[in-house]
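Two complexes are shown next, each including chain A; its partner changes from chain B in the first to chain C in the second.
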Partner chain A sequence: MRSNKGRNRFLALCIAPATILFFVFMIIPTINVFRMALTDAGAFTAGKFIGLANFVTLFNDKRFIIAMQNTILLVVVVTIITFALALVFAGILTREKIKGQNFFRIVFYIPNILSVVVIAGVFSAIYDARQLPDGTPFGLLNTMIRLFHDPVTWLDERHVIVSIIIAMVWQAIGYYMVMYMASMSAVSASLYESAGLDGAGRITQFFQITLPLIWTNIRTTLTFFIISTINMAFLFVKAMTSGGPNGASDVALSFMYGQKDANLYGYSMAAGVVIFIFSFALSALVNKVTKRDVLEV
Partner chain B sequence: MSKDNAGAVQSQSGRSTETLYKVFIYVVLITLAITIIVPVGWVFLASIKQNSEFYTNPWALPLGFYWQNFVEAWTTAKMGSYMLNSVIVTAVALLILLAVALPAAYCLSRFQFRGGKLLNICFMAGLFINVNYIVVPIFLMLNGGDKWLRQAFGSSLLLNNLFVLAVVYASTALPFTIYLLSGYFATLPHDFEEAAYIDGAGYGRTMVSVIFPMAKPSIITIILFNFLSFWNEYIISMTLMSGLNSQKTLPVGLLSLQQASQSAAQYGRLYAGLVLVMLPTLILYMCVQKQLTQGMTVGGLKG
Partner chain C sequence: MKKRILALGLTAAMGMSLLAGCGGGKTTETTAPEKSNAPENPPVVEETTITVAALASGYSETYPAMWQEVCDAFTAETGIKVNLIHEKGLEDAITPSMQAGDYPDVVHLATGRDAGLTEQMIKDNLLADLTDVLSMNVPGESVKVGDKIAGGFTETSLTNPYNDGKTYLAPMFYSPCGLFYNEGLLEEKGWSVPTTWDEMWELGDKAKAEGISLFTYPTTGYFDAFFYALMYSVGGPEFFEKATRYEEGIWDSSEAQTCFDIVAKLASYTHPLTPAQSSDQDFTKNQQLVLDNAAIFMPNGTWIVGEMAEAPRADGFKWGMTALPAVEAGGDGYSYTWFEQAWVPAGAPNVDAAKQFVAFLYSDKACEIFAKGGAIQPVLGVADLLEGDNVMFYSIYDNGAKAAMGNFAAYNSVAGLGTNREVFFDPVNGLVSGTTSEADWIASIKTASDQMRANLK
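On to the complex of A and B.
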């Protein structure tokens, strides 16, 4: 019989490295977010305990309020548009006989493999608002809409959030579409056939068969999409606008990062705590609201 | 009108709405495909344009192949050495990740031991911690470590170190990777190990030469996903590599190239830089798009 000691040594050897790295680079930093938020830590301050003072300042900080509003707006709008479009496209591509189905799948996934920095570069050419000396526009989007619209300064205070939403949806849609195609193709075709015989149209089939049967998958992805969008919003804003103009496009994480650059570490971490709590609360809420009895066929 | 005729008319109108629906679908699909292909393709064309061509219609085709853009991006803008940095960081991070995550996932999913359940829960909880939520404390921790090292030994080595960056990448990818691999390992029947034990193989040998080869498809999937996320990552790299200009990874180098070219109005060089960053991922994608889009069912939790 194998010795228990050998088994235990093998287990420890296998698990220890992963556990150590995970604790040092994920658990301890996470604890530090909550610990440092209660101090005045900074590049030139010792970091003494100041209770909830950072949070009081934070909720009176106009720039943070704007950043949170932008975050909520981006999460809600990007999630709704991305999920609606991804589900519909996935439904079409799996249910219908489409020529070039493979081609579409390959193309729609491309934005997901590009670095956000590359996407920011592509969109800065698209949103370019400059004009030639004779007044003709320069950017890709403005040259296209000039037939029926005046040039738009896409990244000014009024339009910047919409411009970021467009870029984020452009990036995310293919990934979720391909994922739902995988789960939708597992739904058995005989269900659609019998529904078709009963006279159910395409739209009824989509809402009565497709969506209920992949609901578990939708719920899981939705929960993670919210956390991911809070993060992606930061990546896009940082690369496209750095939060400008005048903080109009700041989001929660870019605010947090900006405070770190301003050497206010404790204050920055207070924003981090709010982001943590906000994202968990939102995920829990979505998880609760979308709870349905699981259908199995 | 006879009954037969009525049926024919009805099915004809049914067929024409059917055609209309099909046309509508194709229009929508093609429109979406165009919004992706055209901007990406435009960058490729712009990368071979001379600077003067950027002051006319942006939709004009390039007048010729102006390769000088790539030469300048590669040497003057140092994208060549940034690419080497990116290759090193990505390769080292992937090696560390595989070496650490594979055994851990195997043991966590197939052995019962004290504390095992708790560890599994911890790694699951890690799925909810986004790296960028904790990038500031990671930076401060390494910064503090460096301060201590400077006092004790006179030199620092944690920040501005490509190897440390790779370790951070690997560590923060652990929860997702272990989750994915455990899911696969848990589906294997225990007969494989029992047969190997009877043949006299030890725990380690059984794991390496019986179990890991079977997990090859899952291993390829995690390599692909993590390659893309390490290669494209820029926030952590920007934060932990802020000191030395020569240590930048490709996306961070591209970010500064973007700022420099906008103010100096050197567009050709900028788009050549964009092509240099996305070409490796596009080539890889073309080779493995099947595995990538099929590994998706399990990859639903990507951050």
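On to the complex of A and C.
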């Protein structure tokens, strides 16, 4: 009995540091976010309780609506394109005999090692819309496009979101491709052989064998990816456009961050709460929708 | 048993080391100044140490030791030691400790920056009243601060934000703003600098025929100085006063309409790439348009010369600067006087010593040191310290342009309202790229202006 008590005490002491830190740096700040969202706090003032007024304003704030729309657009489009391309590339690199397989693997993975600021610098050169007086474009993309189309102003109000989507997809593909390659190589080759004997083509094999067998992996990464896209979108916007021009590339988190500068901490936290709930709901939804019976061989 | 004690000890040590990071910063911060800032022969009068936080701006790039030298000179003069925080992103360096109640004594940080720290201090009434500094003697001199500061500088809403005759922010480094251009290009083409907006549009058409745009701007943030000067030249000081206090119906007046029309028309003459490059990351590409002769005019300040010093430029390039054209022939041309501010937080531990430091910023010694970095204090007779391009820039007021000063009045933060820049100037990007109409722009200004008036400080 005595030794049991001591053992428990010892265990409690062991987990105390982690628990305390988790409480101080995770739980309490999260509660504070919800609490502050109900006040009109500023940078140096605690503010008074104003109920749900911040949320009412938020849902009528044109800038927030645009920011939310952009966020949803990015989450949907970037996820679909990245996953489609990552799966296809992974499929090709694991199943097909291609010269320089490792080279491609490294090339695709490199963007993931680069910091977002470096990527912003690279894309600033790619998207450069300036031209020499004779019409020769500075930017890489416009130099190529010029062959069949007039140069495009990539970072103007109409195209800025497309430009961010391209950069985000470019950055994310490699990481997910490598993940899928790992799980695809675990799929037994005999399955493909027998499917081949039954007359299934490459594409049928991909959809009937590869995808179902790595589905668990796809599900997990999908949830990760959606959450990280919400965060990455902020980094890309901050490093590439600062939300401009005229708020056209604002995303939810950059909107939230921007409110701090206007001394609206309470309002900023209200936006934080909405994003928090939005991310949770979205992850739950994705989890639910993608649920399948786990196939194992 | 021994083992258990050892394990307990180790656990405790681990816990302590994890938490140790939280409390460490403070002690190092307070001991540092004595090491680095003690002058060689300090006249020990008082044992006070003040903390001065100064933004490292373009001027500091020209002459990095600028602030340290001023602080050393202050210590030599008064015996008050100075701990200098000198950073580019000053807000990030000082805001966290300020929120914890640990304020620097003097802060040199202008309004109109993205992070808006100075505006937050104004809105929350957290600045110490500096009115009595004006009647203090400059340390080491027998002149009053108020008599040294040039006329008008302590009478604007930038220094007296609450419109109550009290000065809360000390005017610092001033710079005439105007339209910057390549004088070499105009000479080469035989074009003259327009003195009225009609001449401006004529020049715009001539330039367009040669594939040159009339106008560009670095970011929409540069429209504040431009728009203030425009309001002055259209309606004079009276209209400016009313408009910047969001008076009811002011945006329906003919003066306001003229201002909006000029900006909207100018938008149609603006280089089409301007909005796409008007971010904090790419704005130098817009400035480069002027250096490359792709655009003629841009609103800017005298710091542009240093900022673009390393940039490639067209043959025969020579900086020129002009005031905003007058609305009618014979009307007044205005140049906005942009200046920075220094302030003392009300929560500063050494307010009296801080005020002495602010007073010292106007001493001949400090002015000379600042001038080495091209930073010009708003002090009478400072013209003798000017060098290079600055001689031409600062003579703009001698050449007939009138000085425009002031800014939009501060209002309490309201959720969803946006800042002055977001409401008034960011939509100019939309005007240029054709996604916002002039009518929409004016309508949103009117709605926001009503709310700003209702929340005036």
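Rule of thumb we're sticking to: the second predicted complex is superposed on the first by the 277 of 297 C-alpha atoms of A that agree within 3 Å, B and C clash if a C-alpha of one lies under 4 Å from a C-alpha of the other, contacts with A are read in each partner's own complex, and residues count from 1 in each chain.
Note that contacts are C-beta pairs under 8 Å (C-beta built on N, C-alpha and C of every residue); 3 or more make two chains touch, one makes a residue touch a chain.
Given the structure is predicted, the values throughout are model-derived calculations rather than measurements.
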Clash-or-fit label for the pair chain B, chain C on chain A: clash
First (chain B), second (chain C), both or neither touched by A:92: first
Greater residue coverage of chain A in the superposed arrangement, chain B or chain C: B
Touching partner for A:45 - first (chain B), second (chain C), both, neither: second
Contacts of A:245 with chain B and chain C, given as first, second, both or neither: second
Contacts of A:262 with chain B and chain C, given as first, second, both or neither: second
Contacts of A:22 with chain B and chain C, given as first, second, both or neither: first
First (chain B), second (chain C), both or neither touched by A:110: first
Which superposed partner A:220 touches (first chain B, second chain C, both, neither): first
First (chain B), second (chain C), both or neither touched by A:182: first
Partner chain(s) touched by A:77 [first = chain B, second = chain C, both, neither]: neither
Chain C region in steric overlap with chain B, selected from 59-67, 95-103 or 239-247: 95-103
Interface residues of chain A shared between complexes with chain B and chain C: 6, 10, 13-14, 17, 21, 120, 124, 239
Touching residues (chain side chain A, partner chain C) in the complex: 6, 10, 13-14, 16-17, 20-21, 40, 42-45, 53-54, 57-58, 60-61, 63-64, 120, 124, 128-130, 133, 153-158, 160, 239-242, 244-247, 259, 261-264, 266-267, 270
Chain A-facing residues of chain B, complex: 21-22, 25-26, 29, 32-33, 35-37, 39-40, 42-43, 46, 55-59, 99-101, 103-104, 106-108, 111, 113, 119, 122-123, 126-141, 167-168, 170-172, 174-175, 178, 197, 202-204, 207, 228, 231-235, 250-252, 254-255, 258, 262, 270-271, 274, 277-278, 281-282, 284-285, 289, 292-294, 296-297, 299-303
Chain C - residues contacting chain A, complex: 4, 7-8, 11-12, 14-15, 18-19, 95, 98-99, 114-117, 119-121, 123-124, 126, 211, 272-273, 275-282, 285, 288-289, 294, 413, 415-416, 418-419, 422, 426-427, 429-430, 433, 435-436
Complex contact set, residues of chain A against chain B: 2, 6-8, 10-11, 13-15, 17-19, 21-22, 24-30, 32-33, 36, 41, 89, 92-93, 96, 98, 103-111, 113-118, 120-126, 132, 138-140, 143, 170, 173-175, 178-179, 182-183, 202, 217, 220-221, 224, 227-228, 230-231, 234-235, 238-239, 253, 256-257, 260, 265, 268-269, 272, 275-276, 279-280, 283
